[in-house]
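Some structures are shown below for you to check.
In the two complexes below, chain A is the common chain; its partner is chain B in one and chain C in the other.
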Partner chain A sequence: MAQASTQAAYRPMSGRKRKSFRQHLQDNAGILFVLPAVITFLVFGLYTVIYSVILSFFRWNGFGKFSILPFACAPPACQFAGLDNFAYFLYQEPTMSGFFWQALQHNLIMAVFVTAGTVLVALPIAIALNRAAKGQTIYRVLIMLPMVTAGIAVFYVWSFIYEPDGLLNSVLESVGLGFAAAKQGWLGQPDRALTSLMIVMIWSSVPMAVILYLAGLQTIEKDLYEAAVIDGASAWQQLWNITWPLLLPVTVVIVITSINGVLQGYEMVYLMTYGGPAGHTEVVGLQIFKYGFGDQRQLGMASAMSWALFVLVFIVALVNLRIFRSRTEV
Partner chain B sequence: MTTHKRLVSQLSLIAVAALVAACGTATTPAPQATSAPAATTAPAQPSGNEPELTMWTWKVFHVPGLEAVAKNFEAKEGVKVKITAYNPDEVYRTKITTSAQSGDLPDILSYWSGGQWELAATDQLVELTGVVDPAWKANFLSGTYEKSSTLTQSTYDTCQKDPKCTYKNLKVGQSFSVPYLAGQAFFVYANKEILQKAGLDPNKAPTTAEEWMDMMKTVKAKTGTPGLVTGEQNADVLHYWMFNPMMMTSCGQEKYDAIYNGNGSFADPCVLNVFKWINDIQTNDLWMPNILQTNIDPADVAFSQGKAAFDLGGTYTLGFLVAQGMKTENLLSFALPPLKGSAYSKLEVSAFALIDAMVTKTSKHQKEALDFIKFLTTPEQMAVFAKTVGDFPAVKVPLDPDKIGPVLVGLMSAFSGKSPFDTSKAQILEEPGKVLKLGLQQFITKETTPDDLVKKIDAANKAAWDAKGGPLK
Partner chain C sequence: MDKLRSRIALGSAYIVLTLYALLSLYPFLWMISSALKSNQEVLASKSLIPSQLHFEIIVNTWDQLNFFKYFTNSVIITVFVVIGIVLVYSMAGFGFARTKFVGSNLLFISFLGLLFVPGVTVLVPLVQLLKALGLIGRDATLPQTYFGLIMPIINGAGPFSIFLFRNYFASLPSELHDAARVDGASNWGVFFRIFLPLATPIIATVGILNVIGTWNAYIWPSIVLNNPDWYTLPLKLKDLDLQIVIQWNVRMAASLIMITPVIVVFLFLQRYYIRGLTAGAIRG
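For the complex of A and B:
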């Protein structure tokens, strides 16, 4: 009682009880728990994003003074460029814009075929694994291997497979299909390099898609299939009318992550072809890398190109979501 | 609770330390025993407060050579120099960029010759204009210091016209670095055994490009071995190692400069003939298979394994081939031969600066750092470096096999004091350069022809010079 009156004396106007520090902590525990993540995001996420947006309007080689907090840009190493960086590779300079649009075309081809290939390969594997009565664990481990193997090692092994005297040509020759072998190597011929790269991309992205599909398949009630069998539905009809529609949300995730990965990625191209032969596998990510970290060090240009790519990825993701949402809502 | 807090703080410290350590990829090989001669002066007695200098490079295999020189410097001056390599190139560039921002550059930097202007323009380097006196200048090979370590009039003019140039505040004649590594790329190596198998004279180098093409055809016809290999995955290789020297001999320096500087056309017969000759390598099926996916080192490895009769490389190639197990007596080397009817009957080859050393403004020991780069670029210490690493110094070293090794003596003897490239004022712009590089690769993929390519390059060159306000006069 005495305690209550003392508290009232301290806060006569509000009429509220004064909370102890402990109570404050308890009330705001949620905020405290997310604070480290928020701070990390603000410093390493938002700040760098804003920095990159502002940088895309400047020419800067990385040596002179450039900062956004407080703002500083010391010429001649740093110069305001306005929209020049964007104009340069989008339309203004015919040579460089030609290279950019060609690289973007490769990105889009890859996005379509790698995504379609991943879905078409992963879904049957997931269905087969889901139905396997024995040895499921072994099969799953085998399927997951590409996902857990170090990328750099995998890419080099594939490069060896694709060489003129590599495994693929040897196998083709040994089974009497020597005419189909790539004399200049599968990554060395313009008509096959992009396809060969996409095969490796599909190979490395299938395991994750299989995991997601398996998880999705296990949520489908068996009753649905039993009812369909009673109604006389064939296996194909079950797949098309039950499995595929119920797996659409999973497919949305796979499609968006795959397109996003393919449009932004460049590591595999960097390691396996460096954009060759004669620019036939050049992608925008690799161009950004070359502008930013090559001997030109045009960091503003690299940022501008990154944002152009972001806009494309964003639009593609929105379109995908819209298409799939309309299908799943029906 | 106190114990718990202590544990948490210790774990945090370990995590931060691990994170910081993981950010760097520094490679500091342990000092190696070297047969390099020590400095002749008596070792300076350390007083205990001598500064320790730091020097960065991106060439890991240069570290033992630089350390050998550093050891001699320590013996003479009592100042220690710690050499650290960061590689590959992109990592080194990023390391320098971030260190320049945080003021953590080393005392001495190695950097690509001609690339130091961007660092100099942002006040990162100690100016050496006037510091490099005539006696010091006399040490350098012709075409190195005066061409790429001093800001020339033509480099200045091009920069002033280019809105993107980031070193407009520099003046003609300013200098911020000295070269210590040089080389040249216009060398062809032949495998004598393969030439002999094809019935060719293994000791006779071709005097014209046509003769060389015939030799490659003979090798292919008689042994089935492809004629030529080089690191074509790197688009610069065909451009700088083959096309440019052949164009220079074919057209002569005046026309070469005029064409690149926007005052001439790539359709000129002297250029078109070079394109046709390079295209003929493909039409005669003389390239090693998978050539467009073969980079410089794998190309040299393939050549050393007898997968091609000829290897297009540079001064630095020889050491690599020997390291791969090739015997020098099995190698025939010659400068890239000119086409018949060329403006020059022979390409005079001189050294070209590749790596410069410079003192940073943030160095607390600028005098000692300057003393070290002066010491490094003396003929005696450059000989130590050259012998240790087998690479070509930018300084006139004694042509003594005992001092620099027999291989380098042979190569250095092949150099003439003057090359048309020394006085060339050609500016190769980025955009037409890209078209040219891609076009040369497209000869191999059969996607373009010499006639088509000259049209594309002319258009790109005109557009690029127009964007800079007109051709370079």
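For the complex of A and C:
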């Protein structure tokens, strides 16, 4: 208290005097804590982002020379293209833009169904987990396992499940649903591949959502439900009028991270189908990757497309925040 | 009546949980059982219980594929990534939460903005950068290449880690800080002696998230590592894909070897992990 008042007393006088360099350093010493992160960010983050923005206005096949520090772009391997890259994949080049819009469509389908699926599966499980006092830890650990093992191991297990003579088909046949089996494998059939991928995605994203919902449920006061029961509210009404609205902030977090992840992600598609069969599971991220590292490299195109993806991801996140914020504040 | 109803509710809760636990566990059970079967049996029988236990498949897979070597590579990379992330971003989180400096808010927001930049956007520029720095290519040594592999992973984990650490440090009572300052401790003393030791849950969370991510990472290492001797486990595992006759039991044994360490780490730290994750995300 005393210290604060003396400071307030002499601040007007010293405020007019210029602070010494030393004083400046001392006041901002906290920046030293942030410095390693900032340096890493400048070199591996900001530099690459700027590089990518500039590259999106050039046509470059990866050979020859292109650099931004110092600037160099040697024809014929590298040429200034203006907005051509963007125009090509957005509308000008029929095959290219066809692939792009198809991939984007898959991204959007995944964003909707994977996100909805995650929420619809995770919420009941979290509610059940919250009720189950006995054995909660063991159930929680079991349910969380899929999030620990993303990547290639998951790809192998699921690809066996989805094989033509794999687990899923045999199970279907053994329960008399053989007509529903996928003869060319679940990932091999154009009409089923996307759905099959989305199931794996939901399977691996449910655990995180369960944890977040469980944490949210544990903050809801029990009195609310007791009061509701006295008023004669059914279980369904309790869910709809108490649980769901109070969990809305958690749902926002889940929905935004899920959509963000689905729109940006491509590793699972890369490992499980590489966009096949015949482009039926192609997503924008994978297409960008193919332009960047595939057989026919068009690095400027890869950059241009990835900035289109960034704009989409950003707008969707903003829209989500808007919608949910207005809902939660009312 | 009410008692009956609540019993039914509890009963159905356990049914839902058991069913889903089985669903989430089944692929792993299948992985274990197939790793112990002969290849013919994997294809012929869909039973979880092998007719005969072939433990030698796991041992052979480990030996034949020279797994220990790739296992070590994976461990080295994961350890350096996690230590780097925890050190760099716990400091940054503390800096944002507990110290003042010009432009701190702007800087924090620009870090968060990075979350929306798709990872694939910077892949091409990163490769060019590493080439220009001589960190990848034919002349690059193992330490150089690994450094080039690790730094972008650390940077990629930055935004979310800073977010979690900052929220956590901001939630600790400010008396901690004041008391230490009165005792004459510098900001560094406060951080290393008081705040960092208190941050175990969030360190576990950030640690596990990145152990999982780095251990399983496929695409970025596959771009950077061009010497097969330097491969990580996932790259070695993907090589199995190139065999003409698929040996499912070997695949499953290899997958099992690969996921076991992460599961062990997870089982030890899961309590902290959940606490840290929910504290960071819900409060934010």
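One rule holds in what follows: the second predicted complex is superposed on the first by the 302 of 330 C-alpha atoms of A that agree within 3 Å, B and C clash if a C-alpha of one lies under 4 Å from a C-alpha of the other, contacts with A are read in each partner's own complex, and residues count from 1 in each chain.
One rule holds for everything that comes next: a contact is a pair of C-beta atoms (placed from the backbone, for glycine too) under 8 Å apart; a residue touches a chain by one contact, two chains touch by 3 or more.
This one's a predicted model, so the numbers in the text were calculated from it and none came from an experiment.
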| item | value |
| --- | --- |
| Chain B versus chain C as contact partner of A:N61, first or second or both or neither | first |
| Which of chain B and chain C A:A77 touches, first, second, both or neither | first |
| Touched partner set for A:A278, first chain B, second chain C, both or neither | first |
| First (chain B), second (chain C), both or neither touched by A:P164 | first |
| Partner chain in contact with A:Q184 - chain B first, chain C second, else both or neither | first |
| Per-residue touch tally on chain A - higher for chain B or for chain C | C |
| Touching partner for A:F99 - first (chain B), second (chain C), both, neither | first |
| First, second, both or neither for A:F293, with chain B first and chain C second | both |
| Overlap of chain C and chain B interfaces on chain A (superposed complexes) | 293 |
| For the chain B and chain A complex, residues of the former touching the latter | 89-90, 93-94, 97, 100-101, 112, 115, 118-119, 121-122, 124, 164-169, 233, 235, 289-293, 295, 430-432, 434-435, 438, 441-442, 444-445, 447, 459-460, 463-464, 467 |
| Contacting residues of chain A [partner chain B, same complex] | 59, 61-65, 74, 76-79, 93-96, 99, 159, 163-164, 183-185, 187-190, 273-274, 276-280, 293-298 |
| Chain C partner contacts - residues on chain A that touch it in the complex | 27-34, 36-38, 40-41, 43-45, 47-49, 51-52, 55, 66-67, 121, 124-125, 127-129, 131-132, 139-154, 156-158, 160-161, 165, 167, 170-171, 174, 203, 206-207, 211-212, 214-216, 219, 235, 249-250, 253, 260, 263-264, 266-267, 270-271, 285, 288-289, 292-293, 299, 302-303, 306-307, 309-310, 313-314, 317 |
| In the complex, chain C residues that touch chain A | 9-10, 12-14, 16-17, 20-21, 23-25, 27-28, 30-31, 34, 43, 46, 87-89, 91-92, 94-96, 98-102, 104, 107, 111, 114-126, 128-129, 132, 151-152, 154-155, 158, 162, 187, 191, 212-213, 216-219, 223, 234, 237-238, 248, 251-252, 255-256, 258-259, 262-263, 266-267, 270, 274, 277-278, 281-282 |
